[in-house]
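In the part that follows, the structures are each spelled out as structure tokens.
Shared chain: chain A. Partners: chain B in the first complex, chain C in the second.
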Partner chain A sequence: MNLATPTTDLLHHYHAALLEHHSMMTHPLHGLSDQLNKDFDVSKWPTTRHEEWKYTSLKALSQIEFSLEASSDSKKLKSYLESLPFYHTEAHHLVFVNGLFHSELSRLIPSEEKTVSSTYVHASLIPEQLAKVIGISCPAERDELRKLNNLVLHDGLSIQLPKGQTATQVYVYQLIDSEQPFAVHSRNLIHLAENAECKVVEHFAAFGNKSHWFNPTTEIQIDAHARLEYCLIQTQSDVGFFTGLSYLRQSDSSQLSHHTISTGGRLIRNNLDLILDGSHIESHMNGLYMLTNDTLVDNHTLVDHQRPHSNSNEFYKGIMDGKSCGVFNGKIFVRQAAQKTNAFQSNRNIVLSPDASVYTKPQLEIFADDVKCSHGATSGQLDEESIFYLRSRGLSHAQAKALLTKAFAGEIVERIPQPELRAYIEQQIDQRF
Partner chain B sequence: MSKNDNSILEEITSSEYKYGFETIIETDNAPKGLSEDTIRFISNKKNEPEWMLEWRLKAYRQWLTMKNPLWANVSYPQIDFQDIIYYSAPKQKKKVNSLDEIDPELRKTFEKLGISLDEQKRLSGVAVDAVIDSVSVVTTFKTKLAELGIIFCSMSEAVHEHPELVRKYMGSVVPVNDNYFAALNSAVFSDGSFCYIPKGVRCPMELSTYFRINTAGTGQFERTLIVADEGSYVSYLEGCTAPMRDENQLHAAVVEIVAHDHAEVKYSTVQNWYPGDKEGKGGIYNFVTKRGICSGAYSKISWTQVETGSAITWKYPSVILKGDHSVGEFYSVAVTNNRQQADTGTKMIHIGKHTRSRIVSKGISAGKSQNSYRGLVQVFKRAEQARNFSQCDSLLMGDQCGAHTFPYIEVNNPSAQIEHEATTSKIGEDQLFYCNQRGIDTESAVALIVNGYAKEVLNQLPMEFAVEAQKLLAVSLEGSVG
Partner chain C sequence: MLSIHNLHASIEGKKILNGINLEVKAGEVHAIMGPNGSGKSTLASILAGREEFEVTEGSVDFTGKDLLELSPEDRAREGVFLAFQYPVEIPGVSTINFLKTAINQIREYKGEKPLDAGTFLKTMKEKMKLVEIDQSLLNRSLNEGFSGGEKKRNEIFQMAMLEPRLAILDETDSGLDIDALRIVANGVNKLKNPDNAIILVTHYQRLLDYIVPDHVHVLYKGRIVKSGGKELALELEEKGYDWIKTEQAEIA
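On to the complex of A and B.
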């Protein structure tokens, strides 16, 4: 750690403070987190010289002095939650504020306590279950961000579903409300045993005009024939940073639908790693990102087809306005054993303003011959002819533009199963255009 | 069907390199190794002016500070740059005016390659600047071209006779410090071709060079410079075959193209260097920097390549679209077999307004080979109405090979319209079945399908080359392609 340049100085202090903080008490996940790599080395902090971070600079993030303390205002949080249409639905509602479970605002179904709860609760209730999932993403930990998460391990969602069980819909709210810049390094642990099924929505939001940073790690194991629907919604403000890793491992005949919706944040980096360790798997990954102002969204996805007869389908769409920058990097690996694989990927972007930019890099690496793989990437603007058509029908230019943009986004939104959620996202889009 | 398939693939993988023979000519070699002395030796041998030597030394000093790039999707043992002979010229200094004066051994080599100069001269009207190990042996049709004011000569000649043009353009598209191998080439380049088309002239014939790597342990470092002045047109062909060798040979060439207003340059390559044997022993390392700049409005540069040879191919013919309304094209068929590795693609840099580019890349991998497409489409902020279409398809033959695509798309202007699509698949069983039931056996069917698959690119080649390219495809995938 001799590389204490001004840009990494603050990070170095932050890390040191975290170490000290954690040495003073026993972590709720102690014993479970022993094998995790916590050797954070500030000199290895990602820069744009790394191929994986070519377009995404973390410089601004490393210049923030994060505090370890945060105070929150329950009243404000409550009124915010009340404003969300899906908060009122009959479901599990887990609210985490500044990295800790907020029991007052949360609503859980007591009969399902052993299957759906917070990670800290499950750590004391069913530690042997958690041990099976925690750390499965280790091979995917490519950078120092994960090590910070390993060190802090804030509270997060835990779903441990036994064979054949179906859990009630789960909503997770990760909120930051702090007077000082604050970072949350939450950890979600999900294990669906054979034939289990559940639907999860994870919502990220923050309050105040101070910088905040979400750095979550989600580890998911989906056993044979199990089905998971996971939706990530990021609605941060222009002072919000997000760097997350979702690591999913699927077994034979399991099904996954994963949605990532990013509507705000100064810098959003989503890493989605999907390991298809079985046959006849079906995976769908959808993404919608729409930013404006001086912001950046970076979706890095990896699909690793390891065995034959699996299908993956990836569809990401971006609408870039203002000075925003959209980055997409989609890797598809097809191993030699993974014959009869179908892997499709598509990334489409609309650039609305002259200062916005799009960097996309679809990447196929194929080692098996009997496969069907394709990818497509486009970048363009709204079709002039379509706008003209709508204008000839009496719509104003702005209305025509808004209608077409909404239609463009709609293709992703309509794939989300929960009507309350769709309504919420549509409302977000309406506000924008 | 699968058994049949396997036997076909077996045949493909076991086919031997047809052009493996060595011409025995005495050569005048530089001592092995690379130092400032080697560069002085080369420069001295070629009787170069002082500025040229300075230029080389500057490049060498830059090169010393650079590192061998490792990002490409290829693996090979470290190259020992001190174990290479940097200069080797056939000992035949007499100037030749007619083909009859050429060393008979040399002429036999060309005949074996199927491009006897006499035949070329008589039949196709192609001017051939044959480069055998670094020095141009013969330049034909020169007088005819000279009448039009076209300069087409070897680089060493150009340095002496047209220093003002060489000084102006050399290194203007690929700067000496552009990359590791370009710097190396700038320091030690032995020879190459120089071509200048004056204003408004349409070159009446296809210009062509035939490169051969001959002496064992020789690195060949050609440098080609093509300048097309306003409103001119030229089609340039480059073809390569090399004899069989066990030792790996390094080839680091640089090709620069400058197209002024309304000029058009078409550059076609058929590359069939020794790919190494079945176990991946030997073969050429082909690390090439090719770049063109459309510096004028409405100019056009088109790259067409058929890559079947080399143990390792590492090349990205690029176009910088600087002039408004300029056009860049890239058509490529890359075939890899046995243990060949290819990392090839293109860069289209859109700087000017209304610039257009088109990329069609077809990869065919067989045996245990790895074939990668790596491309960049970059749209600068002021490149209004830029348009790009990219298509990169991969065909896999056999389950031991790999196909990879790494397309980079960087858009900084909202009016740009960029499309990229890529597919990977094997030859469809339904397609084979259809052919079979029409009485075409599986082998011919595979040939038919592969030819059809590559057609889009082969169609871009000049007539004289298209035949040879088809032959090369056939040789590379022998056993299945007729």
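On to the complex of A and C.
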């Protein structure tokens, strides 16, 4: 029986085509992905009737006819990459185009081949390492989107760092360049063993005026005393969709700084799940989203404090212009065993236009009694008194607004460690305001 | 330089100014005194262009231009400066940060070239000495965590940098201890010259021991009810505002 409704017809066809395509070839992650749930059921496709998708409608996405074929123009991609200040740094640069590793545009450090590479390369080089990480996010797979990712498993970043090792800075570029609507379901697999350390920047961008969709799953295991810095940058256009899950599990005394910067896209849904399965963990989650036109950005975060003496600190800021809509949903669980937890959460928004909107919802569930938790959410316009102050010094109204808006964003940007990346983000902000 | 004629203003329908007349010439220092609620700060705000107030009658001429027609930024560019009674705190914006833009906006308005970084820095160092302000303060978020004295010194530092033709100091003395008051007053005195004018809005006579006014005006119920020389301030200090209030009640 075909359960598909007319609105999900195309999705149904897309899934059927994917199934057929994948039945004809052996997947590079064959053998590693067997236990992943691939039972996509179009009738369970998220709608706004689901609490988790109340403000975020995927209807427009389900009405796009995605192709399985894509052709790209290397020359165009090359000039784009060269326009990015951080592409020129001494680092690993992994470029993925339409879901596949692009060796010509990528630059890897050969001596670190076994620790930093693409997931497909590591699947043949060190499959036993990948087996430890792939699928750790299964408990967090709450919807059909993940099942599509499980089925397709496009290529992505793999970092497998042994004890005590530090990897050179990693930059990942997930690009879509296609004349037909195209979707990438990439999978990143990262494991930092005890006391290992690395910094990752993952940049998403697409070209052309055809609809495109990034649907990545990132699975990260951070062992004891290991340190990870991860920055996600989403710079899509008004025909770009993004629905991703980043699932991170941390052990004792590990440290994480996670940044999510969203400067464009028609619809962005970020799920960030942080499982703090240890003591003395330090986790920072920062977010900055700034949209305009008729677009939506939705950050759903979850921090699960499972053991005592860990700290989490979450700080998301939004600047909404045009008819854009910002959604923030921040869950914090503090389990009974997680005494002496410190968990902080803040979501602040500036609404620049009367047609823009913000929905923010902190959700704390605390089962331990000796904890410090706080949360706060604000949304409003720029402070009129500050605008008047700056104007009384000679700045125009527009200059005063731009200065205040940049200062608001700056509080997040300054937390990003790479100067080239900060420069790039500041440039994006300057162009906007 | 500044000529205020029969100025009436209200906020949310409530009348605050009821016909102010005031002439300020280049090189002069005027003190505007008066009890709380007399309209002193309203007058300062209206001159700087605060939009919540509605001017219902009268005119303000500044160097031949209709001041009330100008936006707050154009007033600044024409040379009007307001030292705020309560300077705002702006996280993420330092004094240096916005002052550079401000100076260059003013220069552009006057048809001058933007200030190069070297000259800006040199001027800044000079003016910093004037109000004994530390550079670290100017690099920090504006007024965030500043003491009362630091906030007011920062206002005078900005005045020094912007070199206005007319400076309006709104209760700059409030909340200052005697040392801070002396520093602020010293700075103002050094900025005084034959081409500019200063309006001091103050409740107390204290500031006038340090900045000696040429004219003192007493504002009461939105009107200037008494004008005189610096000795008027001393008389007010001695007799208090009740003297004015009783006198006004008798007239009425």
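Assume the second predicted complex is superposed on the first by the 432 of 433 C-alpha atoms of A that agree within 3 Å, B and C clash if a C-alpha of one lies under 4 Å from a C-alpha of the other, contacts with A are read in each partner's own complex, and residues count from 1 in each chain.
Please note the rule applied: a residue touches a chain if its C-beta (ideal position, glycine included) is under 8 Å from a C-beta of that chain, and two chains touch if they have at least 3 such contacts.
This is a predicted model, so every value here is computed, not measured.
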Which superposed partner A:S357 touches (first chain B, second chain C, both, neither): first
Chain B versus chain C as contact partner of A:Q339, first or second or both or neither: first
Of chain B and chain C, the chain that contacts the larger number of chain A residues: B
Partner chain in contact with A:R393 - chain B first, chain C second, else both or neither: second
Partner chain(s) touched by A:E365 [first = chain B, second = chain C, both, neither]: first
Touched partner set for A:E385, first chain B, second chain C, both or neither: second
Partner chain in contact with A:N349 - chain B first, chain C second, else both or neither: first
Which of chain B and chain C A:A407 touches, first, second, both or neither: second
First (chain B), second (chain C), both or neither touched by A:G376: first
Contact set on chain C toward chain A in their complex: 48-51, 71-73, 75-77, 81-82, 84, 87-88, 90-93, 97-99, 101-103, 105-106, 109, 158, 162
Residue numbers on chain B that touch chain A, as the complex places them: 71, 381, 394, 396-426
Chain A - residues contacting chain B, complex: 51, 336, 339, 349, 351-354, 356-381
Residues of chain A that touch chain C when the two form their complex: 383, 385-386, 388-397, 399, 403-404, 406-408, 410-411
